[in-house]
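Given below, in the form of structure tokens, are the structures.
Both complexes shown next keep chain A, but they swap its partner, so chain B is in the first and chain C is in the second.
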Partner chain A sequence: MQTLRYLAAAFLLMVFLASVGADFLSPAPYERQFRDHPNEPPSRRFPLGTDELGRDRLSRLLHGSRVSLLLAPAAALLAVFLAALVGLSAGFLGGWFERAAMACTDLFVSLPWLFLLLTVRALLPLNVAPWTSVSITFLLLGLLGWASSARVIRAGAAAVRGSDFALQARAAGCRTARLMMVHLLPNLRPAIAAQFWISIPVFIWSEANLGMLGLGVTEPLPSWGNLLLELANYRAVFAAPWLLAPAVLLVLVSSGFHFIFSKEDPCR
Partner chain B sequence: MEPLLSLRISAGYPGRPAVLQDVALDLEAGGTLGLVGQSGSGKSTLALAILRLLHLKGGRTEGRIQFAGRDLTECGEREMRRLRGREIGLVLQSASSSLNPALRIGTQLREAWRAHADSAWEKPFELLQSVGLHADDAFLRRLPGEISVGQAQRVLIAMAVLHRPSLLIADEPTSALDLITQAEVLRLLAALNRERNMATLFISHDLLSIASYCRRVAILHEGRIVECGETGRIFSQPAHPYTRRLVEALPRIPLAASSLNLATLAARLEEDLAQRAAADVVHPQAE
Partner chain C sequence: MPVTRLPLLALSAYLAWGQWGGELRFCLRSDPKTFDPLAVADDSSETVRYLTGGVLVRVNRKTQQLEPELAESWKVAEGGRKIVFKLRERVLYSEGTPFSAEDVAFTVRRMMDPALHSPTGDSFRSGSGEVRAETLGPHRVSILFPSPIAGLERLFDQVAILSAVSPKAVLGPFVVAEHKAGSHLLLRRNPNYWKKDASGRRLPYLDSVRLDIQQNRDLEQIRFRRGEIHLIDSLDPETFDSLAAEAPASAIDAGPSLDTEMMWFNQVRNAPLPEYKKAWFRSKAFRRAVSESINRDDIARLVYRGHARPAVGPFSPSNRFWFHAGLRPHGFDPAGARRKLEQEGFRLDGAVLRDREGHPVEFSLVTNSGNKTRARIASLLQQDLAKVGIRLNIVPLDFPSLIERINRTFHYEACLLGLVNVDLDPNAQMNVWLSSAANHQWNPNQPSPATPWEAEIDRWMRAQASTLDPKKRKAAFDRVQEIVWEEAPFLYLANRNFLAAISPALRNTAPAAMRPQTFWNVERISFANQISGRR
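And then the complex of A and B:
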């Protein structure tokens, strides 16, 4: 299990470095169209072939990975920040504030949030600049994806609220804000960090879902989502299995996150 | 002379409304009052009620709590916060769980200092030394999990007396300690009481600790004070059946050729305190 964890971490690091260095590693710019070479199979010049506009698939995959792997953590950061804000205050302050905050959280959890994302995204213009669409997509993911993390963090904060050391700190005269920042936060840091890492693959998949429906990152900027659009034509996949490269990478990356953060089964 | 602390309160929790029923206590400045009662008799409830922290455990308090000329039940939360730690210190029962496991000892002491900071933070090496702890940076860098229960208890006492409060509420500060560490903590509390003229409400179910430290004792039984007075008198002539049962339940300790019971221990302590006021209190068992 430990070996698998190291392998997964090494793989994720490799994909992350490759996506960050996409400008140097890509054989060609991601938007450059080789008009004479549309739909080419893999070759030495185009290792993963070209798409119907003659764009190099490997370059697009590398740049698409960058979009997904940099912005999913950013969205996760936003979501976990909101979750921590709501969860910590609700769990530690208790009373009517906790009830109101948790009612709001429950509402967000109960919403079919993929449909909500689709609705909100559909309300926004489709012909926006690619980087604007990227920002909007991940901002939406961050703003809508905090609720379940907030519940976990609230439970931890409520446990600390009733603890002896919180009582002792209050008896020493500590202010509530200071108690939250100095006494509560360090105790919940592992839970908050776990929520952050768990959210990343969730947001990567959410972007892929949106991208497949044409509501994610817009062309010509590649992302794993819009690269998967090509798989809609399943007959083409049989003829050209290298089209599966983004899907395989997506599955491998999410599995990598799973292996790193899943605990060893104590029963085995 | 008006007592430092004078209270008459009732307190309870949802489902257990009468944990404390019209409990009345007085404690003079610099005095030591022991509060004895069995587990669940409401001793810790009383400690939290005095500091107006009982609501954090879901409890409610009624009555009046006069402290240094003001009624705490009428103080706002802001005023109570200023008072907690600075004028009334609290040492909770469980030393190991009363320190934040994620914070270093130095950080916890600094936070307790900052709550009422009227001067810049300086590492309290002298205070640590006075409570028998290592007064060095290495100790301040340790986490609560890296120190013993006895050391944690001393850290809690140091935190509670950091601002030189006029009243210390010690809620079973020796219950989790071995006999030798118990004696050391009692000696420490006696020294702090003497040197700083700090009144102490010593809550315990350990009669020997009470007898060796407190001049007065109150017996709490089923939420009521059934007896209150000089420690020697209460333990030598217990009036209430519960107090009699308590005293009789104590094992006799064979020492030299004689057998000492609690009444003689308490009487010896009285003599000892009177004769050697300048010296540390010696735990009777150590004699």
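And then the complex of A and C:
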């Protein structure tokens, strides 16, 4: 298991470095259209082939990885931070605060956030650089995506609240803030970490779906999200299996996160 | 006639006749909103109307010529205000009641009833005053309009004649037999349909048409490949190519459709845009330079995989009469575009084009999100314009937001959309070309024409609408097309081909550019493997 974790870490590091160094590793600029070479299969010149406009798929995958691997974890971090804040407080403090916080969480889950996103897009200025647009997208995802994680963390916090060590700490005069930070938070770290890792692919997929509504990453900037949209045509995937590269990368990266995270499993 | 030709003639006659029986199946995107043929406003209801409704005259979708149906002949009089139809005799409704002039008069009166708000009737509203329908005998009817309507007789292609005595009776080839909302619609052959084939057999050949309600286009394709349905309208080029590779006989490229993809700049005077950008968009040289920077051949080749052609104007070449054959698409000429821009005071500063005040030339292009084709066109435009130093930002928006911007707030700079033509006649585009019209997209609802060339377009559009002479009408609309080509308020990009999937089991299909493209001759469509029989 340890070897697997090392391998996963090495793989993630490699993908991360490749995405950071995409400008140097890409065979061509990601937006450049080789119009005489559309839909080409993999070759020495285009290792992952070209898309329908003749853009090099490998270059787009590397740059798309940069967008997704930097911004999806950032959004996940924001969402989990908010979830931990609400979940921990609600679970530990209990009483009216817990009821109020959970009512807010339920309300947040039930809100038609899609319309909120559409409204935000409609309010954005017209001439927004693609990087600004994508940053706003992920910021919104982070701000809106905390509610379900908060419920999980609250359940964990409520369980720990009644534990013997928490009672003992309280009896010893430990203040609430210290109790939460020193006793509660370390015990909930696996749950929080799990929510973090789970949120990353969720946000990547959310971005892909938002792309269909115009709020995702705009052309010509690539992301795993808009690269994955090509898989909608399943027959094309059979004919050109290299189209699966972004999906394979997403699965491997998600699995890599999982293997690293599995070290934190308290049940083992 | 040489004897050797006889077997050939016999064979061609055999092929033209259909085989009797069978059920044609295809999909509708949604349930029909209405079964009232005069209240039709959606595609599904339109399909049902076409399959069940009998009309006085029909535009042959292949030849685009008007042909008699329930009317044997007709005469337009009083300068286009009046039309007199001589009706076919011994025609029965599906329920067995006879068809007469009274039914036509009843249909017209009902269609023009303001309380019905009939979209079909809207095409006939030519001015204030009443439309009068009078029977001149059992099989002659006269309809008088308050003011002349150019192309009046062609409008009757859309008018399904109702029965004055039996609300459910129809005159079309099929009757609605069963409707399960959200599932399917079953149409059975009209036993009294008036048309017969060359051998005297009563049409249609098919026993029934089953219309499955299927929103998902992927599932529709899977069902076609399994042989569960027989037709698919409007395939995207990717699917078409994949189908053509698997089953070439099923994939039909019927040539240019009537639809056009285009972009335009916002020229609305009070639009919430910087004044310097409005000045660019109002400049003919700027619009023409942008147009000449666009490689339309690449759009046709890459976005449509060759199943399209560069567009030249509002009508595609498939509109045989109204298309201006003398015009050619604006050529791809970045060097010429740069020259035009320089003459207008623009200059290249490194890779960035700047106007005479030094503003970098950058604008946004709004389009509807979720449309892969338009996203690809926008990407090509982005790279093409970058070559002349123009930065294009693509803004895909959900459709309601897009419509809000282009029709109400005018908070956009340029827009990429398509024009779906369902009518061959330019009169149907009066609401686009008149400067006072709401759909005069680049600058709608003008109290008076903002430019001399828009005033000229207004004049020519009114001229073509006020004469009945087809040659004069054509000349007037040709002039409109020339002005539009010259001034480029719309930058026409591509006319996509009509791509369809048609089962090889079907015979007598003849896909055409006009809707309904694949089943317009449904009464003559048959299955190859049905047992021949006589009705």
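FYI, the second predicted complex is superposed on the first by the 170 of 268 C-alpha atoms of A that agree within 3 Å, B and C clash if a C-alpha of one lies under 4 Å from a C-alpha of the other, contacts with A are read in each partner's own complex, and residues count from 1 in each chain.
Just so we're on the same page, a contact is a pair of C-beta atoms (placed from the backbone, for glycine too) under 8 Å apart; a residue touches a chain by one contact, two chains touch by 3 or more.
No experiment lies behind these values; they were computed from the predicted model shown.
Enquirer: Now for A:Pro220: first (chain B), second (chain C), both, or neither, which partner does it touch?
Expert: second
Enquirer: Hey, is it chain B or chain C that touches more of chain A?
Expert: Touched residues of chain A are more numerous for C.
Enquirer: For A:Leu53 in the superposed arrangement: first (chain B), second (chain C), both or neither?
Expert: second
Enquirer: For A:Leu7, is the partner it touches chain B (first), chain C (second), both, or none of the two (neither)?
Expert: Touch status of A:Leu7: no partner.
Enquirer: With the two structures laid over each other on chain A, which partner does A:Gln168 touch: chain B (first), chain C (second), both, or neither?
Expert: A:Gln168 sits against chain B, while chain C stays out of touch.
Enquirer: A:Arg178 in the overlay: touching chain B, chain C, both, or neither? Say first, second, both or neither.
Expert: Once the two structures are laid over each other on A, A:Arg178 reaches chain B alone.
Enquirer: Considering only touches as defined above, state whether A:Ala193 meets chain B (first), chain C (second), both or neither.
Expert: After superposing on A, A:Ala193 lies clear of both chain B and chain C.
Enquirer: Based on the A-chain superposition described above, do chain B and chain C contact any of the same residues on chain A, and if so which?
Expert: Chain A residues touching both partners: none found.
Enquirer: Quick one: in the complex, what on chain C touches chain A?
Expert: Within the complex, chain C touches chain A at residues 218, 238-239, 242, 295, 298, 301-303, 362-364, 366, 369-370, 375-376, 378-380, 382-383, 393-398, 401, 404, 411-413.
Enquirer: In the complex formed with chain A, which residues of chain B make contact?
Expert: 48, 51, 53, 56-57, 81-86, 89-90, 92, 94, 97-103, 107, 111-112, 114-116, 156, 159-160, 162
Enquirer: Going by the contact rule at the top, pick out the chain A residues touching chain B in the complex.
Expert: Residues in contact with chain B: 161-165, 167-175, 178, 182-183, 186-187, 189.
Enquirer: In the complex of these two chains, what residues of chain A are touching chain C?
Expert: Counting only chain A, the residues touching chain C are 31-33, 35, 38, 52-54, 118, 121-122, 126-130, 211-214, 218-220, 233-236, 239.
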